[in-house]
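What follows are several structures.
In the two complexes below, subunit A is the common chain; its partner is subunit B in one and subunit C in the other.
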Partner chain A sequence: MTVILNEGDAAGTTGAASGGPVDAAPEPGKAMTRGRLVLIRFMRNKLALVGLLVIIGMYLMAFVGPLLSKWSYDTQDYTAFLEPPYSEHIFGTDKIGTDMFALTMRGLQKSLIIGLLVALISTTVAAIVGAAAGYFLGVADKALMWVVDLLLVLPSFLIIAILSPWFRGKSWFLLVLMLAAFQWMITARIVRGMTLTLKEREFVKAAKFMGQPARKIIAKHIVPNMASLLIIDATINVGSAVLAETGLSYFGFGVQSPDVSLGTLIGGNAESATTFPWLFLFPAGFLVVFVLAVNWVGDGLRDALDPTSTRVRRKEKKDTKEKAA
Partner chain B sequence: MAGFLLRRLVNYVVLALVATFLAFTLASATFDPIGVLQQRNPPPPAASIEAKKRDLHLDQPIPQRFVTWMGGVVQGDFGRTITDRPITDELGRRIGVSLRLFLLGITIGILFGVLLGVVSAIRQYKFSDYFATLFSFILLSTPVFVLGTLLKMGAQGINDSIGTNVLIFVGETTPGFQGNWFEHLGDRLQHLIVPTLAIALGQIAYYSRYQRSSMLDVLGSDFLRTAQAKGLTRRKALFKHGLRTALIPMATLFAFGFGLLVVGGTFTERIFGWFGMGDWLVTGISAQDTNITATVTLFVAVCVLFSGWLADVLYAALDPRIRVN
Partner chain C sequence: MTTSELQFDTPSDRVVEGPVLQVEDLHVSFPSESGRVQAVRGLSYHVAPGEVLGIVGESGSGKSVSSLAVMGLLPSSARITGSIKFQGRELIGQNDAELSKIRGRRISMVFQDPLSALTPVFTVGDQIAEAILVHRKVSKQAAAKRAVELLDLVGIPNAAERAKAFPHEFSGGMRQRAVIAMAIANDPDLIIADEPTTALDVTVQAQVLQLLETAQEVTGAGIVIITHDLGVVAGFADRLMVMYAGRAVEKGKVDEIYQQPRMPYTLGLLGSIPRLDVSEKQALVPIKGQPPSLTDLPDGCPFAPRCPMVVDACHTAEPPLMDVDGSVEHAAACIRTNEIAATDAEGAEAAVEIFGAEVAGEPEVAKIPREQREVVLGLDNLVKEYPVNKGVVFKRRVGTVHAVAGISFDIREGETLGLVGESGCGKTTTLMEILNLQKPMGGEISVLGTKSSEVDAKRRFAIRRDMSVVFQDPMASLDPRLTIHDCIAEPMQVHGYSKDEINRRVPELMRLVGLRPEQLSRYPGEFSGGQRQRIGIARALALEPKLVVLDEPVSALDVSIQAGVINLLEELKSKLGLAYLFVAHDLSVVRHIADRVAVMYLGKIIEIGEVNSVFEAPRHPYTQALLSAIPIPDPVKERQRERIILTGDLPSPANPPSGCRFRTRCFLHASLPPEKQRQCIEVEPPREVQAEDHEAACHFAQIRQVL
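Moving on to the complex of A and B:
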């Protein structure tokens, strides 16, 4: 049971992440693995597929785009101040003559890296802490519940904003750690709930009675069984991390100069948005499209990975009904 | 029932106290108001720096400072700002400004969010459902600071095309406005429309998604079929039996929603030049002022506390099982 689940999840992720070919027809006589099923379900969801392409495109653009442009973020064009987009500067220029395309790409780079890192760290922490709390119960468990409740009253935005004078002038990686530190709790609570049911299952008990230490049981038997949840969560977290980062940076509580992120660009140019809209619209557009794409992929993954998800179930019911008719 | 509500209330009060203590401690530990003072040119004399330190109680350990501040709060004195102005003087006006925005925004958000969710659940997979889904997906991916600025640009466009300033998006009232109370009301309304829209749109999107899925769960249930079988019209069955049941899981969300709203309100107030609590938080953190930051946190905590408690009351009112236990 576990083995199949693991295999399925692993195959499903790699397939989804690299956008593997769908048209590889299933070989006759070969049984449908879970990975293949997940892949087919994901590919059937057009929005999720588009989202995935957009995300890949944006990462490529952020890192390759600046190399193709002749302007760089640290050089100024003294013949073009506050010019709207035209052939020379496709995104226009700002008031000191910096090319907006180069600036936007630089901001996009930072925001995308921060989003990815925060999601990876926070999901890992959520898996470990949630599984440990559910497995051992006791103090760790109580503390976790309390912290989640506390976050309801004291939003993480507020805490990080208060702490911002402390990491001003230090590396942006500190911001990544701060964002990750406040994003894992709610997932950890879900993981804890799933651990509570998983640890009563036969294979976990068998492993326990065979003398496996607790950390091995958690790493080998409990966490892999929640892979679907964790993959979905990590995806959604990329989006919310980018939103959290840009929100903080908007007020100057997040990414600090000389670093640039989409948030600092949007915050810096929001005032002049009504008169020089291109300064605001390009960074804002990239932000919205990216988060939208992440949400679509997250939704598609949930439908594909989670057999109890309503959408797939209803759709498949509809399909079988149509076939029957 | 009364016991349940009382227990919840005590739980929330403790949470609010802990949250305020945490915010106060974090702010005291990271803020460096003396450093700001020392950077002045010419540097102030050592004696006045010492006096300032004493004024701000910086010579005391942090827990003692919190007790001093909290002692004042209990008596209605929220301390002084760094610039030595009493916080209490400004507090009432700022709370009024914020609450006007929040309450209107959340009321419209919940009302239309629930309505939109119900409609798209009833008309699942029809055009209106797809449209509502797309609408909320885009809005959920658009952070408030982008949405607010876009609305500002839209309002500017509408004003330009009409030729007069119908939608005003700076400040909450025209300074020095003369007229009777009715004209005052009209003036305030003109200022209120765009910022309220900025808050409400996000809330509508947020609630409608959850309402849709909880309504879908109810639509497939047996009791709804029974209600129709015994002779209720579909409309009556849906609203008397369906909607009420579908609202139960939403009650918990309303509490979460308020925390979200406060953070969103911070951006809205800054973008539209409203001097409310959210604006004060940003000012307080930028000026490294512990008392302002702690006061705003207390306000947020009380708001979340109250809405959480209201959610519990709502929960008890909607779900008879809770009242019986």
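Moving on to the complex of A and C:
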């Protein structure tokens, strides 16, 4: 475990270093770009920074970790059944002798990939649908919002559970599509609302009056101006997609064997939680830490991107008090 | 209502001698991402009872912050030092509970935006009553009664009824009246008015200024009026203080400052205002550059980088406020005041001399008689109506808003038409109809001879090349996510220019509008308002249009910057032979820039013609009222002027008055005998030729001098 933490740390420091000087005061006279301002504000939020490091560390670990371990998730060590963590198997082994570290990393890989893809797909769909509905209004808006409302009232868990026999044995990518299909609606509604206000902004009107076609206006002016919302949304969606995936997999509706995910691991080992705790605690612990980190980053991004956030001012007050003391 | 019922003390009852407000060496700073912002740096002033002090300055000069400090309304992150004495009592360091006893009771404030100064969920009467109940032990009924009296005092008709209305049922001017009623509710000794008229139309501005004067008479309070418009305070203030970069740079009696300004900044401000009362082309003085950043001020005079009279000595130390012209009242912070005093010219002319402003020449095409020039834009009886619907599931049409009710005008090559009117008169709707290039609901729009009702999508796209637009808000008109290069290149990309051509033309356009091409890779957020407006103009000119539609292009800019943009527009017009449709509510800007002017009222053009003819001999009562409402930055003239104050607000365009649309507010109509009044009520006056290139729509049109 200590090794892993160090690894995460190393990854984090390099990430921060490439991000440029962190808390350095901007050069006098030079106007601050928005990106720089956001970066400074984000860096000031220590919790979000820790969250970011944890996420980067986990992705690295999930994909690099298995290469460093001599055990693989589909081979068994017949000399060690249900062993607690020790030097040979740092996370212990399960009842057929599979290395828990290799297994957890494999599960983490799948969960993180699914989380990332679902977030990307659902946010993209939300941006396109929301912006189109808000920009064109009329029939397009009515139809798209009808679809949104319909999907919102359908119980997504139930539907995926019912459909799960059908995609058994097929690619896990189908699961990604299913999850994404039920995650974009609320964002799409927010995007539609923002589009309605952006549409009234003069630069959009200016583009319209110079003859720019509608789809280009959406791609060039409307969606980029909602980037902050979309980034925050995508980040938080990663967390909720991982949770949804593990939830489904726990009940056996999500990722199917021989593939493993955090959900199948947690589900499969839940009954051993008290007797052989390492079987349950490692996958569950990773899940909890990951989702927590995602939420911290999401919070930090929102504070950094939102000009009305008060965190900065509170911080400054504290600083001046310290100086005075 | 009798005056005895009002609980105002008479001005002679004053207990405290000496100034009401004494501010000494006030410093205010705020934290920001790039260091502490020194918003106010060593400000001292005083206000005597019954005196009106005007504080003038550009945005960011610290004028609002200093008055918020007096009210104790700054956020807790602000650091305030110095002394603020109200009636001899120190205010700095008092806690909120103590300040609350003074705030609203002895000092009250009128804010800029009357919309956000009132709570939308309570009735106006309740809010005024609340202001009284907080400070006085009176019964609720008594407070409510007094609220009605106050509303009546500030000139709201049917006060008892209107007190039960919610703020959204009030128009902007009425809301500001209600705010003033609230401000005087407790008979304060000091009223701070922070840009009280900036958000209002000119006609309403005149009403509100007059009301503030009444409020001052009734309460005998000292008034601090903060504004960026030197015209507003000319006739109203007794003394004036000009602020720059958080300090007072000049103060003195109003007449002295307007006639003998002794600080180059004040000179520049005076020279940058277009005058309504000057007919020949007057040179406007732009103040170059922009106000300094308050986080990191250089040594020396903060105005030095923008000053035309700068010498080396200016950079060594910041000049203190010194008495000038041997007058104790008049002080300026400049080391070269004597040299300014030595120039023969006075006020604005001195500014033109010192700043070296020039008048742009006439375009070549203007030499051809108007009738022989090509019609660039023609509107023939344009109509635009919006349905008023009711019901959620089954929408029933219950009425029609006649936003534009048949207007006609034409703009010829190389000509500027100013379109003016109060907000809600249909200016913007007209503009959008023109820019949308769709088939109008009624009438016809033709651009360069092509009728918009007959064009297909392809032809419409082609017309867009010849017509471009510059918007009002320079903050909103450029996409913050695109670099300046991309912003200016966008129209050319849309119309299929090659990459090389675009890369050649963009720097050319930047130079044309007076910006450096090296800045092309920057984002709009790094530019000031004036520079952004220039970028907007560069974008509008990218396709070499024949007609540029300008939607209030300077109303969101500070006066000193505004002058630069107006000069640029005039220069471009004469260089490129452009035609402008200039929509504005500021008549002095229109007088300066336009060749012809059209006055709109409730969706109709009521007077149109050559600009000097309309301004000097206005025929329609509405034009006369509009013109008389505009303040002139000259205290002597301003005090002598007779104001026509229009009563009430613009009627709803959903239900316009019969006959002449203006009759409900018309002073001429009110003075007519009943049989003539009937003509106003029954017959809509047609537009009739009054003089050469001058038409007005009034049955009883007569010339009235108002300037």
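In this text, the second predicted complex is superposed on the first by the 269 of 325 C-alpha atoms of A that agree within 3 Å, B and C clash if a C-alpha of one lies under 4 Å from a C-alpha of the other, contacts with A are read in each partner's own complex, and residues count from 1 in each chain.
As a convention for this text, a residue touches a chain if its C-beta (ideal position, glycine included) is under 8 Å from a C-beta of that chain, and two chains touch if they have at least 3 such contacts.
None of the values given here were measured: they were computed from a predicted structure.
When both complexes are overlaid on chain A, the residue A:Pro224 reaches subunit C alone and has no touch with subunit B.
In the overlay built on the shared chain, the residue A:Lys95 is in contact with neither subunit B nor subunit C.
When the shared chain is aligned, no partner comes close enough to touch A:Arg215: not subunit B, not subunit C.
Applying the stated contact rule after C-alpha superposition, one finds that A:Lys46 touches neither subunit B nor subunit C.
By the touch criterion stated above, A:Phe253 is placed in contact with subunit B alone, subunit C being left untouched. In the superposition on chain A, contact is made by A:Glu202 with subunit C only, not with subunit B. In the superposition on chain A, contact is made by A:Leu163 with subunit B only, not with subunit C. Contact with neither subunit B nor subunit C is seen for A:Lys142 once the two complexes are overlaid on the shared chain. Counting contacts by the rule stated earlier, no residue of subunit A appears in both its interface with subunit B and its interface with subunit C.
Residues of subunit A touching subunit B in their complex: 149-150, 152-155, 157-159, 161-166, 239, 243, 246-247, 250-253, 266-267, 270, 273-274, 277, 280, 284, 287-288, 291-292, 295-296, 310. By the touch criterion stated above, subunit B contacts subunit A in their complex at residues 12, 15-16, 18-19, 22-23, 26-27, 29-32, 137-138, 140-143, 145-146, 149-150, 152-153, 156, 213, 216-217, 255-256, 259-260, 262-263, 266-267, 270-271, 281-282, 285-286, 288, 293, 297, 300-301, 304-305, 308.
Against subunit A, in their complex, subunit C makes its touches with residues 31, 33-35, 75-77, 79, 293, 295-296, 435, 461, 464-465, 468-469, 471-473, 476-482, 490-491, 494-495, 523, 525-526, 536, 539, 543. For subunit A in complex with subunit C, the touching residues are 25-26, 28-29, 31-34, 37, 40-41, 201-203, 205-207, 209-212, 216, 220-221, 224-225, 227, 312-313, 316-317, 320.
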